[in-house]
Amino acid sequence: MLKRIAIRMAAIVVTILIGLLVSATLVRMAPGFDSDEHQLDSRLSADTIAALKADKLANRNLLSFYATYIAHALHGDLGRSSALGTPVSELIRQRAGQTFRTCGSGLALGCGIGFLFAFATGIARASGLDLLFGSIATLSLCIPIAALALIFVLLRVPAGLAIATVIYPVVYRYARNILVRTLSMPHVITALAKGSGPIRILICHIIPVCAGQFLAIAGISVSLALSASIAIESLCGIPGLGQLAWQSALARDLPVLVTLTALIAVVTILANSLSDLVPPTVRSQGS
Amino acid sequence: MNAEHTSLLSLRVSVDYANQQGVLQDVCLELKRGEILGLVGQSGSGKSTIALSILRLLHMKKGVARGLINFSGRNLLDLSEREMRSLRGKEIGLVLQSPLSSLNPVLSIGKQLREAWRIHAEGDSKLCSDVIAQTLSSVALPHDKDFLRRRVSQISVGQAQRVLIAMAVLHHPSLLIADEPTSALDVVTQTEILDLFRKLNQKLGIAILYISHDLLSVGAICDRIAVLVAGKIVEELPVTQELRTTSCAYLQQLSGFIRTP
Amino acid sequence: MKVARAIAVAVLLVVSLCALFAGKLSSPDYAFQYREVPDAAPSSAHLLGTDDLGRDRLSRTLYGTRISLSLAPIAALISISLASLIGGLAGFLGGWPERITMAVTDLFLCLPWLFLLLIARSLLPLNAAPLTSVLITFLTLGLLGWAAAARVICTEAREFRTSDILLQARATGQHGWRLLTMQFVPRLRPVLFAQFLISIPVFILSEANLGILGMGVAEPLPSWGSSLRELESFSSFSGEWWKLVPFTLLVLVVVSFQVLLSREEISL
């Protein structure tokens, strides 16, 4: 168990380092990186411009940029935003709480509704209910997140609810398919033939068997929530990390983008590794 | 009244699935107490459907049964789900064909056996462990703590099948439905399991509905045979000693029945 | 279910025909600004009214449909080719190439899709010429959208590599290139087609998202994404139904694709 977690952790660290290298390379190689709009920006003081220039000079060589970036990051210094002139770590610290709150409430609500609907249709086996929830989920999946965000701005719906709307159809669909598949597995029939009631079937014979898959769904919904938060925060004017990502993408703010990539990679990879914590069950060999 | 000759189960059912009509068409079966009835037929002829409809679990496969299933004087199709639940596992046991996937992969064997006991029985854990130990030894399995702590992935197919059988006969049901119980096993284990069924039948007086497509094993343990073709019973005949000894001719006769529609 | 599929096909056909004959159905000049009637309600001259710059909304919607509906399949084609190259090769080779490819694919699938798009799009010029911006947008989609399909194709290729069919074919003396074209490609075709169909609505939605966030197709070229930006200024749901037409059209098309795909979805 410990060994597996250790291996997983090592894999995560390696992946993040590689991801950082790739994103730094891409951002550095992007056309137009060398062009300098900041010198014309009258809002920035002379000192800032000088600092930015020095940064840029240091960034010229990719490998040395990468090495200095990692070295600085280890000391807690993530560099300075090239568009805003503030330290990146401060920007992230200011905005992380907001995103954490909206994404967290959205995730809890979305997963809750999704699983609830899935259990309702799976246990009740009512095809009418299935059709109703399925259609609602399909329809929600067919609306672009950003359009949904605009509509929610109009309706003045809280951001958490908007994120939940994006998450629950996906959770519902996956969870329902897993449930339906598990319900027809022989061990459930055996348990029913023993005389178990529906609640016991759910708690003893379905949830433990599907726990890994359910956690995997939760992992997927974390990256979904982050995706949604970009659109929703940008369009609703909520000062969170999603808005920061959008603004720095528009301004091509290299230090912010690289750090955000690393941060989001860590969060999503950790979330997606959740399901590895559950010991893998041996798949049924029989047909 | 002589219990040997009273009817335990008599059914007359038709079954439709959501995507397939007429899976069973007016199938009549009669099973006496303590009898072993073999139900043979090709795959897809509706054998397993009969097993599920007796236990009223057909809704799991989106099927609907109509007709009459008379089990010790009661029509099972009229019972409430609650009454049915108290019957499943207590009066009627079920053994499925793929032993490894028929046991819960994340719970230990001991836990699953205890669950099967607790559903229908009150009493302290001492009694529970005693019954489990007794049943396990009657199906020739060890009943030490180490074995009970194992999961399905840590035992062999034959052992898993024995655990399933033990679980099904824990409450000494009057009917055991075995749905192709030997098809996933190798030849040696098959014979052992067949012996076990015969022993359970003789010792505990459990009637067995033995569903299979393997004529040899059916001929070996059954008292009577019913042949199911495309949702209809086309032949019912007793297995006589004569038939058993001239098994070749017997097999030819039976496969003749199966082929003719 | 059959009826639903027929309706979906009909909707897609009608919408694509409308897009194809956009010039016949509306004024061919989607960028012309009727300065005297900006933000107008529907009239006989402008069936869906005009936008805030006075451009004919019907014409913009139809030309936008043409761009989105023709380029999404092209992007899907690019991503499927990429996916079959990466996934097929990995699945065929097995061993460490497969493991590394799958690890990269998993990483790709872990990351939030919109974030990935945003980063990739921000690396490319944002203030490019309109036509270039169209190409850049859909090329980004095509080049980034391969991961999910590559995974499916890799699994399929691995199964083929270890299957009895391959053994059988080898036993009858087939080998190399012939094996690939006679056995593998026909077997993979339905999978590829399904993945292609799945990608199209995903790309249509992604383009719309990018468009609304201002990182998609540049003005004055219309696309569904840029048409949807209008929702921002849309203040009430009561009167101005014509502003919702592009949105409805997009949802209708994506729903149609989903209905077509529903059979594959269930077997998932």
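Observations
Order of writing sets the labels: A, B and C. Residues in every chain begin at 1.
In this text, a contact is a pair of C-beta atoms (placed from the backbone, for glycine too) under 8 Å apart; a residue touches a chain by one contact, two chains touch by 3 or more.
Nothing here was measured: the structure is a model prediction, and the numbers come from that model.
With steps allowed only between chains in touch, the distance from chain B over to chain C comes to 2.
Of all chains shown, A has the CA centroid lying nearest to the centroid of every protein CA atom.
The most distant chain from chain C is B, comparing centres defined as mean Cα coordinates.
Each chain gets a centre from the mean of its Cα atoms; for chain B and chain C, those two points are 53 Å apart. Rounded to a whole number, the gap between the C-alpha centres of chain A and chain C is 22 angstrom.
Chain geometry summary: the mean Cα position of chain A and that of chain B are 49 Å apart. By the touch rule above, chain A contacts chain C in their complex via residues 11, 15, 19, 23, 26-27, 30-32, 138-139, 141-147, 149-151, 153-154, 173, 177, 223-224, 226-228, 230-231, 234-235, 245-246, 248-250, 252, 257, 260-261, 264-265, 268-269, 272. By the touch criterion given at the top, residues 52, 55, 57, 59-61, 85-90, 92-94, 96-107, 115-116, 119-120, 151-153, 164, 167-168, 184 of chain B touch chain A in their complex. Taken in their complex, chain A has these residues touching chain B: 125, 183-197, 200, 204-205, 208-209, 211, 281-282, 284-287.
Residue ranges on chain C touching chain A, taken from their complex, read 103, 106-107, 110-115, 118-126, 201, 205, 208-209, 211-215, 225, 228, 231-232, 234-235, 237, 247, 250-251, 254-255, 258, 265-266, 268.
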